[in-house]
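Pasting the structures here.
Same chain, two partners: chain A is paired with chain B first, then with chain C.
Now for the complex of A and B:
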């Protein structure tokens, strides 16, 4: 105890002089006790696995016995990034198409919907309706859409009514990826609408009143008031949706089972999952995870950078 | 308050109503299909409404899907994770918001950073860590020799989710605004930090605790990938989403889909009811996370 107190005294001679040398120390000890479950958790379930993931990506290991793990340098990355394999094309290309497509549709849709909801009464009611898919499990969403996409399902029935022939949404390789992308976008509109309506609420009415007096129409107001002032909320939506879109694969498992037809809906995170847990190729799978992680990081930083530059130009 | 942000409400109504139909239609199809009888599903021309509200699919769902077992697992996992996240978040949040100690800024920044690591990256190593957990499932102290480690018990579905960086952040932001005088008064009355947290701070955090509890509850109830992985070798560990999804792999789709839909209706209902009752709090949590 005495050593502990004197240590604290030495540590805080500048910050907390003579008065009560033990007080800060006691508070510090309490703080670390309060934080200990969280810190212990982050060590075991975050730092350790993160390090482990890096080591795995550079090693060759097929079984469950750690002793048989071998260092293999960048061999896994060479294999994964080779153009002869399937990872770069079509899988990475699919991943980017899926994420960009879904983000584009969800952002466009949610800006439109949020802008319109902001004009109506019963706004809470509308937002809850759009939010329903966010609350449902991916198993429910995937299966319901799988059912609706079937030849005897709702969507083909509507198409047939309009005189269009039935489409094999999930069985035709050229339609499968767009079909799954639409579902992902559909499911993520609600969260975006919510954040964007909060952003819209924060724009003061006086801007619109002033613009109205100047004779601006709705379209002008949207471009020159709403969109620029909505930028922080929009940026948050874009970044989180990209991160979500690039790493999601639960919908793929539920809707197409194996990323088919013939890899048409296979995405990077799903390929990683398959390599690791179907074939036990921990090294290759971890290298795939690392490549995807770097892509996510790069796109996020790029978005932040673009947003900052744009901000400097206009302000 | 009347908002005058340009006109065209008829157009706004058109867009919002069309969109809302697209949002609700799949759920309507799900509910209607769950009542369709044998020979009514997968037929052309498609009909939305069932001929009669047939409850056979629900009976089948209870027997074939073993709904009670799946339900029990889902409840155990969800309740454990939610309670644990609430307790650990409010403890860590209190330390970060109200206690002065060395390294506070560093730890806070570290916790913010933990939210940036995408879950898929940690999937493989976390699975291997659970598999080689020391002294579990027959493993020795070095985590070797057993079969399955922690992956053979429901603990493996709970443990990796017991702490949430987002939860700590939410609690900390809320607690910063609690008046210091209140805590000082408790200390003058002789309360130690634990008592101050337990008796003074905790009761004040009710609104943010409801928000965080709800987000955690819904997220855990719907969790899919990790549970799929852990239960792949042990069906006893399946939760509702996983159990319902796996039923399809060994049954005829035209026969199964209505049963699956019945199972999905039952598994979606608790979340939906909880969400509709507390949606104000859920919505606030999502908005708060977007405007940090």
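Now for the complex of A and C:
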């Protein structure tokens, strides 16, 4: 290997590698060649559909035949963002309530569960137990909870035993969205627990030992050591959970079928699916997708910005 | 360089494979003059699948040069499968579709125009309700297949126990019977629902409502897709439902298809296909417990129903449209080996459906073994055909949300209908 010796400061010599343009160029070409299948995959299944969706958002298209596509300018966005329609309210509001509610419950629950598991024996068993809902299909989870929520289901039977009248968890518009949100949060705790447990394991014991010697109690240790050092893992959990929550719709289809009652559980991704695949309104569906994309991007950037201000490593 | 060349070849091969997979076209030509037609439908199990498969086998045996291959999915997946396959250039040659989707399929150039000679014959030989359900504007979409009408199903024993000896003939009698038959436990849970205003399938509250609307002389959509339900008839029909919900004689969370058979529902506005399921599920009890009558209107003598249909048409992109029409014509016109009905008519009647061909209907009406079938056949003569313009599906969903707002949230019928009418976009 050829090196050049240069003076750097008083009496210090630093060996710096000399670039060999020919070799690097070849290596770069090889790297690009090895990357090309993945790049091709992303182009075909991500970039091209994304570009197509942008074109569709400004068009009127009933699906099937590209020859029937007509340019419509910003008409789809006008329709989607109009306060007279249903997309802004209740659908976007439902989407945000669903995502924020599920993220709040899942994050709070997973921190609690991960913290408890970290102090238990047979940690592998507990982690597997909480991870099971992640492995189970959304259809299975949705159907089991749907049965439990029925007027004659398990939850109402317990309420009846306690002297409370049956609640229309999925048929009453005031309860339907919270009922589905709880299930989504419950089902996503397992994945978060796994990440947070890994985060907890990465915290060196010496901090706790030092705090113990200083007389700190469990709460102080949790608040002043665990939570701050868990922030990178928490940030990852928060971002992925938010994105998942904002895009979620499979559970809603399984549990309520049509986003009902009266649009009470209709969320943006479900409405997009309906518009495109049921009504053949691909233009408005794509405009909705763009609006949701911007919202997800804004929320994610906001989370990253807040994390950076608090000094977290986010790159 | 060898690696890069290899990678280049692999990428090129991958691209070629992708292009080959995506651009397969709608049908395969096969070897020599042989043509293979694909038929996409939701006849995925039971007698519906067996009957269709039998006809296809018979055709394939007699027509070695035009072979038909059935492709089936469940009804819930039919429209999305059609959308995805058609957009990807893999649409079936023959599509079986719900009439409600007809307008949007026609607008998107999915279904081909029915050849004039075939259209003329269909128009002359099929019942008005069947034709109405599969015609958008003036355009016939294909051969009508399934035809369903809505009627009032009732549990004779529950009605008799409440002192009601004959099925209701006016809205007042219907409401009275619903209120008399409803039973709740001490906690308020419904043990027996008086009248179910829900059915299974898409937009489950709309078909019973449209049947009541029709019985009051109202309409759903105009020829251009404009809302016609936000008027006195519509308000009266929805108020009728609202009053029953307020009296807790109806409850949208109760599914009649699950609870009627066990005596959990006294009356339900449902489609005729239900007869087949009830016979299987209730066995001997079907004969003693189940009665069927016309859906009454607000005044004595008035009645109404909704008719919806399916059709089989030919794909606009099919390379073998002539062969596809040849097969469809044979399928719909050839007689069954026994009797004077067509084999398609028999196939449908065996499933408890009304054959859409008038001659088949007349033949079956002569010898209806089950008296409950009579009101279902009768309804085909007066039922309002379900509209199917482009945008009809969206309009139906808007109406569903309005009805559910009244039934579950106690919304005002007038406001709900006004909101639904605002959401309907004439096209």
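The rule is simple: the second predicted complex is superposed on the first by the 272 of 315 C-alpha atoms of A that agree within 3 Å, B and C clash if a C-alpha of one lies under 4 Å from a C-alpha of the other, contacts with A are read in each partner's own complex, and residues count from 1 in each chain.
As a convention for this text, contacts are C-beta pairs under 8 Å (C-beta built on N, C-alpha and C of every residue); 3 or more make two chains touch, one makes a residue touch a chain.
These numbers were taken from a predicted model, which means no experiment stands behind them.
Superposition note: with chain A as the common reference, chain B and chain C are in steric clash. By the document's definition of touching, both partners, chain B and chain C, reach A:64. Between chain B and chain C, B contacts the larger number of chain A residues.
Applying the stated contact rule after C-alpha superposition, one finds that A:86 touches chain C and leaves chain B untouched.
Of the two partner chains, chain B is the only one touched by A:217; chain C is not. When the two structures are aligned on the shared chain, A:148 is found in touch with chain B, with no touch to chain C.
Look at A:208: by the touch rule set out above, it reaches chain B but stays clear of chain C. Counting contacts as defined above, chain A residues 30, 33-34, 37, 44, 64-65, 150-152, 156, 160, 276-277 meet chain B in one complex and chain C in the other.
On the chain B side of its complex with chain A, the touching residues are 3-9, 11-13, 15-16, 19-20, 22-27, 29-30, 33, 42-46, 48, 87-89, 91-92, 94-96, 99-102, 104, 107, 110-111, 114, 117-129, 131-132, 144, 159-160, 162-163, 165, 168, 192-194, 197, 218, 221-222, 224-225, 228-229, 232, 240-242, 244-245, 248, 257, 260-261, 264, 267-268, 271-272, 275-276, 279, 282-283, 286-287, 290-291. The touching residues of chain A, counted against chain C in their complex, run 29-30, 33-34, 36-37, 40, 44, 62-65, 67-68, 84-86, 150-152, 156, 160, 165-166, 168, 170-173, 258, 260-263, 274, 276-281.
Every residue of chain C that touches chain A in the complex is listed here, in rising order: 3-4, 7-8, 10-11, 14-15, 18, 79-80, 83, 86-87, 91, 104-105, 107-110, 187-190, 202-204, 251-254, 316, 390-391, 393-394, 397, 400-401, 404-405, 408-409, 411, 422-423. Chain A meets chain B in the complex at residues 11, 24, 27-28, 30-35, 37-39, 41-42, 44-46, 48-50, 52-53, 56, 64-66, 109, 112-113, 115-120, 126-133, 135-141, 143-145, 147-148, 150-154, 156-157, 160, 186, 189-191, 194-195, 198-199, 205, 208-209, 212, 216-218, 221-222, 226, 233, 236-237, 240, 243, 247, 249-250, 253-254, 269, 272-273, 276-277, 282, 285-286, 289-290, 292-293, 296.
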